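One structure below.
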Amino acid sequence: MSLLELKNISKSFGDNKVLTDISLSLEEGEIHSIIGENGAGKSTLMKIIGGIYTSDGGEILINGSQVHLHNPIEAYKAGIGIVHQELSVADNMTVAQNVFVNREPVNFLGFVDWKKLNANTEKEFKKIGIYIKPDMLVHNLSVGMQQIVEIVKVLSQEVKILILDEPTSALSDKETQNLFELLFKLRAQGTLIIFISHKLNEISQISDRVSVLRDGKYIGTLNKEEIDENRIISMMVGRELDNLYPHKAKSRNGQVVLKTEHLSRNGKFDDVSIEFKAGEITGIFGLVGAGRTEFAWSVFGADRIDGGKVFYEGNELNLKSPTQAIKNGIAYLTEDRKRLGLFLGMDVKDNAIASNVDAVTNKMGILDNSKIYKITQKYIDSLEIHPNNCEDSKIYNLSGGNQQKVLLSKWLAANPRVLIVDEPTRGVDVGAKSKIHNILRQLADSGMTIVMISSELPEILGLSDRVAVMCEGKLIDVMENDNLTEEYVLTKAFNKGGAK
Amino acid sequence: MKKFLAMILAVTMVLSLAACGKSSEAATSGEKREEELYSMVVFTKGAEYFNWCYAGMQDAAESIGDFIKVELQGPAEWDASQEARAVETVLAKKPNGIVVSCADESTLIPSINKAIESGVPVICFDSDSSESNRLSYVGTNNNTFGAVAGKAIVDTIGTEGEIAIIMVPGAVSMEERAQGCIDYLKENAPNVTYTVLNDEGDVAKAEQVTSALLQSNPNIKAIFSTHGYGAPGAAAACRTLNMVGDITIIGSDYDSATIELLKSGDIAGTVIDDPYLLGYEAFMLSYAAAHPTDVLSGNAPFGHVPPLIFGSCSLLTGKVLEDPAAAARYENPPKIN
Amino acid sequence: MKIKNPTIKKILNKINWHYLVLSVFILVIFIAMSVQSKHFMTLANMEILINNFIMEAIMALGMTMVIISGGSDISISGILPFTAITFAYMMLGNVPVALAAVAAIIVGGLIGLINNELRRLLNIHPMIVTMATQLTLKGLNLAITGGSVVAGFSEDFQKIGGFKPLGLSLAIWAYIVLAVFYVLFSRNNRLFLNVYFVGGNKDAATLSGMNAERVLRFVYVASGLLAGLAGVLSTTVYNSASYSFGQNVEMKVITAVAIGGTSMTHGGEGSICGTLLGTLFMALIYNAFVMSGISTYYQDVFTGSMLVVAVLLSEGVRAIKAKSALQAEA
Amino acid sequence: MKNKNKHYAVNGRSITLLIIIAVIFVAMSLIKGELFYSSNNISTIFANLSYDLLLACGMTFVLILGGIDLSVGSVLAFTGIIVTMLLRGGMNVILALIIALLTGLACGCLNGVLISKFNIAPFIATLATMSILRGLSYVLTSGFFIVGLPDSYVSIARGYIFGISNKIIISLSIMIILGLLSTRHKAFKQMFFVGGNSDTAYFSGIASAKTKILGYGICGLLATVSGILMTSNFGMGQASFGTGFEMRAIAASVIGGASMAGGEGNFIGTALGVILVALVNNVFIMFNGSPNWSTAISGIMLLVAVALDLLRTKYKSKKGRK
């Protein structure tokens, strides 16, 4: 009987299936790595185990008895602790307070015993060989340290099942090694450690078993002796081509529209020099923490630049804000549709014109409703947004795919010369996906410069004319996309033994 | 009649006091007299009525000598508790006397008594706090005040019909004025019925409630506002309903706005006491109380003051104001510093 | 300001500039006033100075926690008179004082609870909810009392107002106890600390297995209880209760808290000590204006401007801090 | 489908309010008859709510921006005093009006700057300006009424056009114009964007600071208009004008469908909110009910409105999921 057993776990958000009957059994005292491309469903699965999501179908058994976890509190009670990918620390509190939040040693008055608290905190940190002032405010810490605080917070709870979702993405090598030492200790004590990472070398270094997910499906599990990076890669790739990709660019000698030289942003990405040509789709591939989105933000003027230059049609550009970027014909389609992309509470036509209101206003600044409807209808037809009379429906009533299409039309309405799309088909159904691909190609053919950031290898290879690969903030390579293989690109992305 | 006599008596007494105050000052002119401070504490500081009172106090003080300093204190809100605090804070300055107009009967009692115990004479004016140990009350008999209004109404609308009385509940002076009016009607025009409106002492609100009432109840012939803001509000209401003239509006007290409305004929009249005089007398009493004579007074250690001074009240109408002399008296509000 | 020396930097970071500047302000006013008026620096006046802002001071304690939790409670100006009136009527009904007081305070707490539950169920901004309760209560107060003052209590009740153990009024004693309690608990007690956590990052709090809603309930109930206490105390002090009590008190309280450096933009920041300073500042201003005889009309202008200055100050401080932190990181 | 969306999503709250108002109206007409539905009574109700209407209108902008403005009452009093004092000083009416309006605009913009540039919480920033302006009003007048205004000025509010009070015409027309613009004009549209999701707005290249300053500026401007109407209606300026109006304005806009979260609010709703509150007060007096309750009523109505809205959205999202 295994410590944690998952039986046919399924989960879907709206009409978008994220997990399809995942069955896994994990033993106590093992480090079990879960690997898969972005969007393979790893985090979702972990959130279900951690009681943050509840699964649509299937059951979770701990020591053979079924458990129902509806919130983190219950999960902790069941001995499950998660180190989340996104930070969940309160940066207005001290390190110690964050680590022992709501578990501080208190006396009968509920008064916190600060000495003890800080001592305990230091002890917890010593376990991973880190010294830190427990009474330091978290917002004075680097992101890496904040991540460690996060980890220590969970570790300090003596959990039977410890889930680490991309714990090392922000850690230095030394910190990482210390963390591993600790994990080994915990394993020895019989803790089950579920480890999610994009760093193959780490995985092969520490895992007892590795399970691979792809497209929300369980592919297989490798035992210690079977673990081999190439094998893992071959299991990860080969996502079935859910659609036919459009033709490639006719010519690859378009004029260079956008160019960066040694572009850097402290702690985000470093020394990126790359050219983007008109009429081409340049795919940027990379795994979590590769710095692709951060790069895009800096180019788009949404984040500052610490070093290097951006050239637009030959002359230097220093953008203070997205407003200026848009004026210059640079558009950025965000990966975070809900937070940064769309106005969920507003209707489709409003969203469609949001980034280029001037186009539909006269000199008096009066909006021309007929124009708005015309434009919206145009995109509704050309992008096949459903329902086809949704000009006035609120965004939140649309499916993910259609939301994404609206987001795209918002940027097309701004008729840019350079279009940076970040994960253009994330959380989007098959039909919408291929539609979006075709649109992007058409735009490229019409002379637009397309930059496509994506974590889906098939998409990258299927659509882009050139492929740039980033890893941990560095640009590894830019390759013409002729007979590139997924293995090759992925290997680059893992940057095995590469520049570091 | 008795009251009237009492008033005459008191006034003369005070004036004589003031006179001897003056003479003594004249006698001791030459060496500098030690500075004295007298504070006036009011609720709704900034109401024009109290500005008149304060002006009276200022001039009275000046008439005695420049060694006397006076000040106006009190909250802008109609909040008795805040006024009580103002009294206590003023007390800390160890003034020679305090004159106060009370936001309500009871709330200021502790503060007033505290002042008396600590040897600072307190004179109430305009609105009394009779339960407290205040030495004296200078004011208007608000019942008479209301009666004057009642008479004015009956004179115009006759002994039949319905009237409205605007007031802010809880304000003693207003309740007494309303009561006085009602009593008068009971005696002299029993067929006149009345309804009471609350306008929260706000002009806009006054317009709202009166216009609503005039709509719902066409028999309303006259409106009596027991405070200064009501009349302008009611007048505005009549204007919007173009009922100007159909409704007899009797206001209370006078301020530049009311005067204007009187002259334009938007309101028929306003019952007035003499805030300037109240302030003047109140100060004189406090001064007297602060300067006991060798003859022990009834309320030693304080000086001789009468327990009660009632100022007269009369009806001010547009006709009265046609006489420039009279108009001059009301039109230009006094400077206060 | 470029400071290279790290130790100096450390010290500079240690200092709470906001409180420092505020204290300096207070000190300056104190000195100026003592020079200006011989009656200012007297025990009597100090007592009055405190007495005159005591109700606000008491409620400011609760308000601080509310604002730290990321909300606001403007219903207190309805609760204060309401509980005052409830208490007064119970007194007239010959309910034993202690019992009546407790009951009235609990009523305040219940209203706080209602605030919170409405906020949770309707999931609308606390400002709106508390505004609704405020308006409702103000109406009730007017309607219940018909606008007239509730007074005429028994002789020995009236003594309570004057009852001064060690020369300090009950209200001041209550405040001293509460202030000490709040300072200690807000810095040490787990529940109070959780308020900071929830204000700082509600999701993090929940992910860390904290019941954020429970924390918020505590915050609003506490605020209600304190407003209730203030109401009861007012009745004992003035020997009466009226719907007119505590007008705009919520604004004064929030001003005091904001001047004390508790931020409405960044939840989870601020402290009771800051509020104590802010309260003292407000009380001082009021007293100073009356003392100096400067027309109190200028008082609003002054406090308003001070509010802006204070908030700008704390914003500026945090901006500089953030910058230095960045430099440290880089 | 399309209409349905318009119907529910855009105006759901307004519909509810309209129904409630209609019900009250019919009921009153049946009970009180002529007294109530006489054109006179109706026009009076409107004339009296014109001030609130303007303030609530401005407040709606601010709420759409996700902010709040406590200073409207003080702006009303302050600008009212400015204009009356200027006129007292014998200044030409038009000029005085312009100066007053500019002052009001400036006050509003000041709020906007404090909030958007200096990142002060709207509540605090406007609380500060609220007390500053109220104080200044008293300092300027030391409490005296300011009277002796020229007829040309007084007639602004007292006059009639086609037998309709100017107050109604002015306030309603401003309301309607802004109401129409709010959805049709670029600047106003962007307020919805900024209030709806400031991050998305930023990524869509919308200058949020400018938009906010504009919003608060308009709020101040409308407060000024309201102040001008009030002073000319009563023929006097007074420092205590507009005390406590801010709460009424907020209540009305929220009843009308605006939310503190921002991005929501429509002017029909706000207008209906104001009307509803005024109507209920009117009904109270019609029945000689104690007006003491009026404050309580607006509070309770506020809660009921919000609760109703919550139920509606709950119901809608259920339908949405199906």
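Letters A, B, C and D mark the chains in the order given here, with residues in each chain numbered from 1 onward.
As a working rule, contacts are C-beta pairs under 8 Å (C-beta built on N, C-alpha and C of every residue); 3 or more make two chains touch, one makes a residue touch a chain.
Because the structure is a prediction, the values reported are computed rather than measured.
Farthest from chain A, judged by the mean position of CA atoms in each chain, is B. Two chains share more touching C-beta pairs than any other pair, namely C-D.
Each chain gets one centre point, the mean of its Cα atoms, and the points for chain A and chain B are 75 Å apart. Distance from the chain B centre to the chain D centre is 36 Å, each centre being the mean of its Cα atoms.
Per-chain Cα centroids separate chain C from chain D by 30 Å. Counting only residues that touch two or more partner chains, chain C has 142, 146-147, 295, 297. Listed for chain A are no residues, as none touches two or more other chains. Multi-chain contact residues of chain B (touching two or more other chains): 45-46, 76, 169, 198. If you draw each protein chain as a dot and join the dots that touch, the picture is not a line, a loop, a star, or fully joined; it has some other shape. Chain pairs that touch one another: A-C, A-D, B-C, B-D, C-D.
By the touch rule above, chain D contacts chain C in their complex via residues 68, 70, 114, 118-121, 123-125, 127-132, 134-136, 138-139, 142, 247, 250-251, 254, 259-261, 290, 292-300, 302-303, 306-307, 310. Residue ranges on chain D touching chain A, taken from their complex, read 1-2, 5-6, 9-10, 181, 183-187, 189-190, 192-193, 196-197, 199-207, 263-264, 320. On the side of chain D, the complex with chain B involves touching residues 32, 35-36, 38, 40-41, 43-45, 47-48, 51, 138, 141-148, 158, 165, 167, 230, 233-236, 238-241, 243, 278, 281-282, 285-286, 288, 290-292. Interface of chain B with chain D (complex): residues 44-48, 50-51, 76, 169, 195, 197-198, 202-204, 207-209, 211-213, 215-216, 218, 232-233, 236-237, 239-241, 255-257, 259-261, 333, 336. Remark: chain C residues 72, 118, 121-125, 127-129, 131-140, 142-143, 146-147, 251, 254-255, 258, 263-265, 295, 297-305, 307-308, 311-312, 315 touch chain D in the complex.
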